[in-house]
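Next up: the structures, one after another.
The two complexes that follow have subunit A in common; it is paired with subunit B in the first and with subunit C in the second.
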Partner chain A sequence: MAAHDITPTRSVLLELKKKIKLSQSGYKIMKMKRDGLIIEFFEVLEKARAMRAGVASDFQAAMKKITIARAVDGEIAVRSAAYALQNYPTVKLSSKSIMGMMVPKVEAESIHTSIVNKGYGVIETSAYIEDAAAAFEKLLETLVRAAEVETTMKKLLDEIERTKRRVNALEFKIIPELKDSERFVKFRLEEMERENTTRLKHLKKKGAAAE
Partner chain B sequence: MEIAVIGSDEFALGFRLAGVRHVFVADKDNYQEKMQEAMSNADIGVLAVNADDLQYLSQNYKAKILDSIQPVVVPVGGGESDLREKVKKVIGVDLYKTEDE
Partner chain C sequence: MFRSTGKKGNYAYTSARVKAKKSKLLREEDYNKMLMMSVPEISHYISDAGYSREIADLATRHSGLDLLEYATYANMAKAFRSILLASTGELYDMVLAYLTKWDFWNLKVVLRGKSYGLAADQIREDLVPAGKLQEDSLNKLLAAGTIEDTLAVFSAMAHVHFPTEILNSYKDTHSLGDIEDYLVKVYYKNLLELFGTDTRPSLIFRNYIRSEIDVLNLETVLKLKAGGILGEAGMKYYVPGGIEIDEKLMLQMLTAPDMKTLEGSVAQIQIAADIKGVLPTNPTMQEIVAAMKQYEIGLANSVAHMYPLSVIPVFDYMIHKENEVGNIRMIARGTESGLDRETMKTLLVM
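Let's look at the complex of A and B:
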């Protein structure tokens, strides 16, 4: 809304004053929210960096172990062990709130399976296969934790971006435009008042001359 | 909810060994199709993907799946480039930069 498109009346001026007050308090709250989110983000960032490094190293270790198992026991033995498994890992997805923003909470329910419950015979499979399975179970555990932290970080980043955009819009667009409009209405009202005073003086002079 | 994995047969085998039963074996040609299938499965809570395979997806779809909450998509292997880029864009500073870089 351009400053000169509005009707210069007292009610509009009051309305504009109210809007400016509301925008300024909204701006302050948004700024506080943005700062709070950034503090929260820095806490999550450290965790995410450590977690990412953990995923990378666990993945490398697991791939190394499965390669050894395939080389020693052969592709078929590893595959048959993999297909014989009866227990499968599950996760529990819930949500928690960070400054009014919902983020997922991922909890691993059952990732590690004891050797007797695996579904394949202990005698037929070698220790290399067991090693590889343990390494992948460890990787899954790290993945589940990384899933929670990384998603929280993504959501925090999105929220920071949104809040920053709102703060900037209020600071550089909405509040200055409202102030411009207020100034325009004030000047127009003052001008109208001056015109009225001159008109009254003129009438008074005319009336005095007629008498 | 369960953990799922999508990628090449070699990549998925290890996860199978850890007990993951939702395995989507995909190659370059049918990767996006398999990904859509995995994303539409309501039983899946966490989806592990090979970070290098994400290049087979269109830019828009890749951004969409990486922002997904249910299932949560976790890239394995590769660097932290997506998250790193996002941090750089939003905060304005490369916070992942180490002293060696």
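Let's look at the complex of A and C:
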């Protein structure tokens, strides 16, 4: 809105003053939110880094164990043990709020199954297969936690970007424009005031001359 | 389950055939060579070592490591079948009893496949007809509709009675665990019943089976401990008949609160003393299990040359043939997956 497009009246000036005040307090809050989100992001980033390292190491360990199980017991035995499994892992999704932003909360349910409840025989199922199953359960648990942290991190990044744009818009566009408009209205009102005074003086002079 | 024919077996003939077969088995130096090869080279090498026909037969349906695995199993099944057909009398009964483990293995594969909802053709691929049940019988198993029907068909063919509590346990939980564990117990019970103490060779093999039960029980304790199952609850998985691990020792091991206490209980038995030397400090479960497998084959080797005209050379060959198949598969899969040579050497059973 160009400053010259507005009608220079006292009510407009009051409205503009209100808007400026609101924008300035909004700017302050947004800036605080942005800074808070950045601090939060760095905390989550650290967690995500550790989680990624955990996923990589758990994945390597699980792959090594499944390789050994497949090598020692054979593909048929490993596959057959997998067919016997009774419980399937489930994931519970909910959400939590970080500085007003909703982030997902992922909880894994029934990932770890006891050897006696897996669905296959305990006695003859090889220790290698059991070891590999335990390693994959651990990997899955880490993956679920990593999914939560990674999604939170991505959401935080998006929110920081959005907040940054709003802060910049307020700081460099909205507030300066409002101030410009305020200056224009003030100037116009003062000018009108001066015009009025001059007009009054002129009328007074005319009146005196007529008497 | 097994009714003896009462006739004496043709030990001399079967032992001579088995001796010829054993001479063709891969040796330590062959495995060392294979450890340096790529998978195609391993395939070529084992083709020259007697697996060529099975590799050629299965090449249209499988490729790569799967071909190697299926071909080695097929070769083993053929070798065992030929021994079974060559033997007569009580030797036939004993070989048959030993090979029942493959019938139980096939039943497990069928049950697991069916419980997962696989088609019969998919399950058929994974069967190893190395036991009494050949293709026709296995097809009948596959054709049975439900798990209960499959068990009934198997029961009629293999003369294995499934107690009501085992069947009820399946009905209640839909878990195959109890059925599978029951099959293991039945297998060892039948073997121990068949191999009496009347002759020296029979006694030697009986003792080998009893040591195998000890190893199995020890492995069960390790698995249960790793899974956090302590005490009386683990006794359900105890296989009776071992030499050293009786119910009391099993319970003692299962109730041990930590590995240190378990080590104390295990120290009393010979297996522990024998494998201790090859284990590193703080061994992993895998290292202990690998050492126990080595111990088992060592035990078989130690009696292999006794009584050349008895049941011992026949079983010695079958044990070594199973190991050969396992070793080939291990080297091939290990090489393909980039497993380091040292790990593969630890896992080789020689």
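Here, the second predicted complex is superposed on the first by the 207 of 211 C-alpha atoms of A that agree within 3 Å, B and C clash if a C-alpha of one lies under 4 Å from a C-alpha of the other, contacts with A are read in each partner's own complex, and residues count from 1 in each chain.
Note that in this section contacts are C-beta pairs under 8 Å (C-beta built on N, C-alpha and C of every residue); 3 or more make two chains touch, one makes a residue touch a chain.
As the structure is a computational prediction, the values presented were derived from the model and not from experiment.
By the touch criterion stated above, A:A81 is placed in contact with subunit B and with subunit C alike.
In the superposition on chain A, A:V72 contacts subunit C only, with no contact to subunit B. Contacts of A:A62 after superposition: subunit B is touched, whereas subunit C is not reached. Set against each other, subunit B and subunit C touch different numbers of residues in subunit A, with B touching more. Look at A:T90: by the touch rule set out above, it reaches subunit B but stays clear of subunit C.
Within the superposed three-chain model, A:A50 lies out of touch with both subunit B and subunit C [touch as defined at top].
Of the two partner chains, subunit B is the only one touched by A:V106; subunit C is not. Applying the stated contact rule after C-alpha superposition, one finds that A:E137 touches subunit B and leaves subunit C untouched. Overlaid on A, the two complexes show subunit B and subunit C touching the same residues of subunit A, namely 63, 79, 81, 83.
Within the complex, the subunit A residues that touch subunit C are 63-64, 67-68, 70-72, 74-76, 79-81, 83-84, 86, 114-128, 130-131, 134. Note for the complex: subunit B touches subunit A at residues 1-3, 13-21, 45-46, 48, 66-67, 69-70, 72, 74, 76-77, 80, 83, 86-87, 89-91, 95-96.
Of all residues in subunit A, those touching subunit B in their complex are 38, 41, 45, 48-49, 52, 55-56, 59, 62-63, 66, 78-79, 81-83, 85, 87-93, 104, 106, 111, 113, 129, 132-133, 135-137, 139-140, 143-144, 146-148, 150-151, 153-155, 157-158, 160-161, 164. On the side of subunit C, the complex with subunit A involves touching residues 65-66, 69, 73, 108-109, 111-113, 115-116, 118, 126, 128, 173-181, 183-185, 216, 219-220, 222-224, 226-229, 233, 237, 239, 285-286, 289, 326, 329-331, 333-334, 337, 339, 343-344, 347.
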